[in-house]
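A quick write-up on the structure given underneath.
Each chain gets a letter, A, B, C and D, in the order it is written, and its residues are counted from 1.
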Amino acid sequence: MTTMPSYEEYGQHAPIFPSPVDQSNAELPIDRETRLRLYRLQQEIRLFEKRAYDLFLQGLVKGTSHLSLGQEAIAAGFGAAMAPDDWTFATYRGHAHTLARGVPMGPVMAELLGRANGLLGGKGGSMHLTSVEHGVMGSYAIIGAHLCVANGAAWTAQYNKTGQVAVAFFGDGTTNIGAFHEAINFAKVWNLPTVFVCENNLYMEYTSIGHVAPVPNPAADRAAAYGLESILVDGNDADAVYVAASRALERARAGGGPSLIEARTYRHGGHSRADPGTYRPQEEIDAWMERDPIPMYHQRLLGLGVDEGELSTIATQVAAAVESSTQEAVDGPVPDLAAIYTDVWADGGSSWRN
Amino acid sequence: MAELTYRDAVSVGIAQELANDPRVVFLGEDVAGAGGVFKATTGLLERFGPERVRDAPISEQAILGAAMGAAMTGLRPIAEIMFSDFLAVCWDIVANEIAKSRYMTAGQMAFPLVVRTANGGGSRFGAQHSQSVENWAMAVPGLKVVAPSTAEDTIGLLAAAVRDPDPVIFFEHKSCYPMKFDVTVGNGDIVDELGVAKVVRPGKDVTIVALALMVHRAMEAAERLAADGIDAEVIDVRCLVPLDARTILESVAKTSRLYTVEENPRLCGWGAEIASIVAEEAFWDLDGPVVRITTPHVPLPAADALEDATIPSVDRIVETVRRSASQ
Amino acid sequence: MTTMPSYEEYGQHAPIFPSPVDQSNAELPIDRETRLRLYRLQQEIRLFEKRAYDLFLQGLVKGTSHLSLGQEAIAAGFGAAMAPDDWTFATYRGHAHTLARGVPMGPVMAELLGRANGLLGGKGGSMHLTSVEHGVMGSYAIIGAHLCVANGAAWTAQYNKTGQVAVAFFGDGTTNIGAFHEAINFAKVWNLPTVFVCENNLYMEYTSIGHVAPVPNPAADRAAAYGLESILVDGNDADAVYVAASRALERARAGGGPSLIEARTYRHGGHSRADPGTYRPQEEIDAWMERDPIPMYHQRLLGLGVDEGELSTIATQVAAAVESSTQEAVDGPVPDLAAIYTDVWADGGSSWRN
Amino acid sequence: MAELTYRDAVSVGIAQELANDPRVVFLGEDVAGAGGVFKATTGLLERFGPERVRDAPISEQAILGAAMGAAMTGLRPIAEIMFSDFLAVCWDIVANEIAKSRYMTAGQMAFPLVVRTANGGGSRFGAQHSQSVENWAMAVPGLKVVAPSTAEDTIGLLAAAVRDPDPVIFFEHKSCYPMKFDVTVGNGDIVDELGVAKVVRPGKDVTIVALALMVHRAMEAAERLAADGIDAEVIDVRCLVPLDARTILESVAKTSRLYTVEENPRLCGWGAEIASIVAEEAFWDLDGPVVRITTPHVPLPAADALEDATIPSVDRIVETVRRSASQ
């Protein structure tokens, strides 16, 4: 492991520095099957998104897309910890969280390409991935709102006493918007089973979070304002995330109310498709690349006695799935123009007058 | 027949829906323990308990977010936004989230929810507590928009809104709260239908289309116009989305003259929409200009004398119709 | 001094209980003249608002009005501490803060009556009192917004290096809205000379703050989330407020950035004109009535050697001013209807087309 | 003459105003260090420094509140709201505070500020990043509303907006950013005037009124209609408030036919307002129905094929005018 650059070296670009990998996480009581699942999920997200990026370069992915390359451990950790009927609320950077709930790759890829066989028939696009069937209750592209919406799902669970939990993912920059404050406060006041997960990747779009937040840990340092415990985890370590997720989900299910978790991480690429991310110092990028969650987890599993062959089988299977999803997407038809006029109302149509 | 205020009709209507369907829940600021700042929700907490009638912090985004998330997961929430002016603090949830999410997800989710809010002027509350903003909602695809003018319509349209599978913004008029109305009370629930305008006064010379408080003014104006020999047909639109354009077009086909009476400020109101529909689809029926009677395009002043002269009055309706219909 | 009821006695109605009067405040280094000013300001607000209430009962004050009876020490403390060119941002409950800046009573009273000689010519009403000439930069009736607006004035002061400070007053219930979070965060990030003053009167409209906030001190307990010091003062003690105000203003002027002050207090009446305030337990009201800031301050001054005669002269002068302001208001003409069409634009008119 | 993209015109325009008046300041998210997510504000931080060009947290209410407070105390802020859809998260500050405060205070305060925002579709961004919401602003009294279609107008109207003593919401069209235009560069600043529409193509048979991106489509449509023998006059509205109604009414007096081309969803758009004005004031001039060509009343879909077929296209304009003008 590299030594991390000091605060001064990062300067204002990274007042928050990566915590050293906590090797004690290897000791966490996580069974082998779960760890292999965490590995597979991370690989799925990684390989899927690399492909999405290639397809963007080929002009096949239209519009915008926001990748989670480098942040996979968080979506994977939650994906593995959540129960099948729990609810995910994601953002525009939501491919990872969608795949982590078991949504098949084909429809997701087709949606990025704007095809009729897309998850949303091409109507939503990359930023709004949703699969109610898998508990993915939408991806939201305007900062903050979905934290409030997640509370509503949590309210249903509380009202119906189902033990379900709503999990909302968001970024560091999102902690500055009003809806963040309202949502977390409301969840605590109503004692709702909502888990708020801040993926602190150190940047809002192109601006360092240190420039625009007055506390070093934009979520964890604000938890006390809502009567919540301050929770900070290594977002590049799937085991650490899995354990934090499990605890928060358990608390919520038991009627213990909401949690706010901050997971530190780093995105490998730019903010969105068009951004080369050049505003970030090379040394910062380099340091974080050394902490790439997937090779790290690979090493962890080998250290725990998992066979290299088993891991490469997983990688091969995932690569094949990405391949076939690409084919499915590329082969998908362009949506029928009639789709423009459907789905405004529950009757299937869009008529607003007689 | 029972006599009921519009204010009481609100709590009667909510109670009816809470009793009808266990999925119905109600939240807002000061709505439970306090019975609402307009006293339009008194007794609901006592009758239905704190799990179904729930007070919220001053967090309109959180309130409507909760309503939206609850609706998509199977509840049928009614949320109160105390004054319609405050829709501005949670407009993102209304216009960008609630309105669009069904479409964006290709119909995967439904949002059977109602946002009730006190709309309109006449209380001398000034520019930030008196607006008529039903046109804000009408302008956003994906929202149904209702604004009752009577107690019975309040109960019936609220029921229709709660039972509707789509999101409805329900504008109650503050100045109607104290008004008393006869309500037909039968054995069953009072349930009306969205998207149906009412010809509240048949007439043959001119068509006057109005909404909420303005319906009462239009009716009074029609009586005065009758004395002048102008027989006005008055239509209570009741519901802006879905819009009962047919009833309006049929009326114009008969009278050949259209007047809209709107409380919202002049530009881009629902009156402009209806005027435009008529100017396109009933152009050949018209015998003269389509005239909109509106609040001028200014914020509402607070002083009673000023407020009264800003919102369309019976006098203004009478004079406008009289002057223009004789051309 | 009465002993305060315990937490249990208050129950959920007042998780926050009044701190005992801190007699050490009598020792605070505040000069005699300032103390007399504090006394006069409190009396002005008290007597003015009692009259406003009477006029409401007579049907002369139209619309709504929100009184600060019982909360006068806060507006007075700041009024005395602020420099003439500092800026006040008030709420619908803003008579007190307006008067405390030296705005004459006559135009304020006339505004409540909707007269042409009102402060705003009758166009704004009770909830929007403004006197730019006196640094009262508006009263705002939608919760939260003006905290953001105050930052803008503070930005001007920072940009022009004038040393002016913007002070925004708001209630406990306001700490739950998104704009509160955005404003305080922004002020800290930009290091603006804004002082945020939360008047915690234990209730939002009719709902106890304990029902809807997850922390006992809704502002002070959230200060750390913005990297700010937690400041809690006795809002019924004008001296305590004056000192806290002076310190925060000084810090802001010196470039030390924003402050968030929570002042505990209690309103004697209901939320607004129509509210009898019956949702509050009688013992809670009684306890706070014993801590009425004006008799308490009266006693303080007598204890410090001020002559009873001097104080009653002040009270008499204030009563006379209230009397003549009432006359001025009642005699004021109804606004000319032409006023409807003025002041939308800076050219004086409201024309939106040619 | 210089060739300039609409995107570059934005930074040229802001730079001109920052250079012209030390009271002008500029704030927004990612606008300074990053030069804007549309790269429309590059170089401003470097040239004018961090006190005048300032990055803000993701806090739109705080951003516009800061602009408002700064304006009332003597600065002349330009604030960026990255996408116009996000106006919904700060709509209270826009519609209830900035728009009304001058009126409520009987003219004690002025709000010389500009809110710049990227508006409109065509980028396949989906329903929450593609809206045309100029009608939201037009519906609120107290706001001036500008939407340029060319690079020169962007500079000139931005200058007029910044120098105007009232608040202006300035809608830049995302799909215009990459477009190149000739700009007349003289010695002095480029300063235009608010409230003046432009007849961009004179014609005698029909009047087509358009805004922003739609102006370019209307122009192309007019060329195709000319081939069919229909001589269309095309008017670029440029400014919705103040509205140059006179230019439109004069044109209709000449052509007797009005078409509006709007990108916003159908209901309560600026087209409805103009159609209503014409249906009232120029009724006797009209030879046929007033026709609005709009985006249908649906949220915008994301897929390219769908988005292109939703927003008014050149084809749709041509067909609509051809079909209806021949009636």
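Basically, contacts are C-beta pairs under 8 Å (C-beta built on N, C-alpha and C of every residue); 3 or more make two chains touch, one makes a residue touch a chain.
Remember, predicted model here, so these are calculated numbers, not experimental data.
In this assembly, A is the chain whose CA centroid lies farthest from the centroid of chain B.
Annotation: C-D is the more contact-rich of the chain pairs A-D and C-D, by number of C-beta pairs in contact. Centre-to-centre spacing of chain B and chain C amounts to 36 Å, using the average Cα coordinate of each chain. Measuring from the averaged C-alpha position of chain A to that of chain C gives a distance of 45 Å. Here the spacing of chain C and chain D, counted between their Cα centres, is 41 Å.
Looking at chain B, residues 56-57, 59-61, 85-86, 88-89, 92, 96, 103-104, 126-128, 141-142, 241, 267, 297-299, 301-302 sit in touch with two or more other chains. Touching two or more other chains at once are residues 120, 123-124, 128, 140, 142, 144, 176-179, 182, 185-186, 189, 211-213, 339, 344, 350, 352 of chain C. Against chain B, in their complex, chain D makes its touches with residues 85-86, 88-89, 91-92, 94-96, 99-100, 103-104, 126-128, 135-136, 138-142, 241, 264-265, 267-273, 275-276, 278-281, 283-284, 286, 288-292, 297-299, 301-302. Residues of chain A touching chain D in their complex: 62-64, 114-115, 118, 120, 122-128, 140-145, 173-174, 176-179, 204-207, 211-213, 279, 334-335, 337, 339-341, 344, 350, 352.
By the touch criterion stated above, chain B contacts chain C in their complex at residues 29-30, 33-34, 37, 55-61, 85-86, 88-89, 123-129, 267, 296-299, 301-306, 309-310.
Of all residues in chain C, only 87, 89, 120-121, 123-124, 128, 130-132, 137-138, 140, 142, 144-157, 159-160, 166, 178-179, 182-183, 185-186, 189-190, 339, 342-348, 350-354 touch chain D in the complex they form. Only residues 25, 51, 54, 56-57, 59-75, 77, 92-93, 96-97, 101-110, 112, 141-142, 165-166, 195, 241-246, 277 of chain B touch chain A when the two sit together in their complex.
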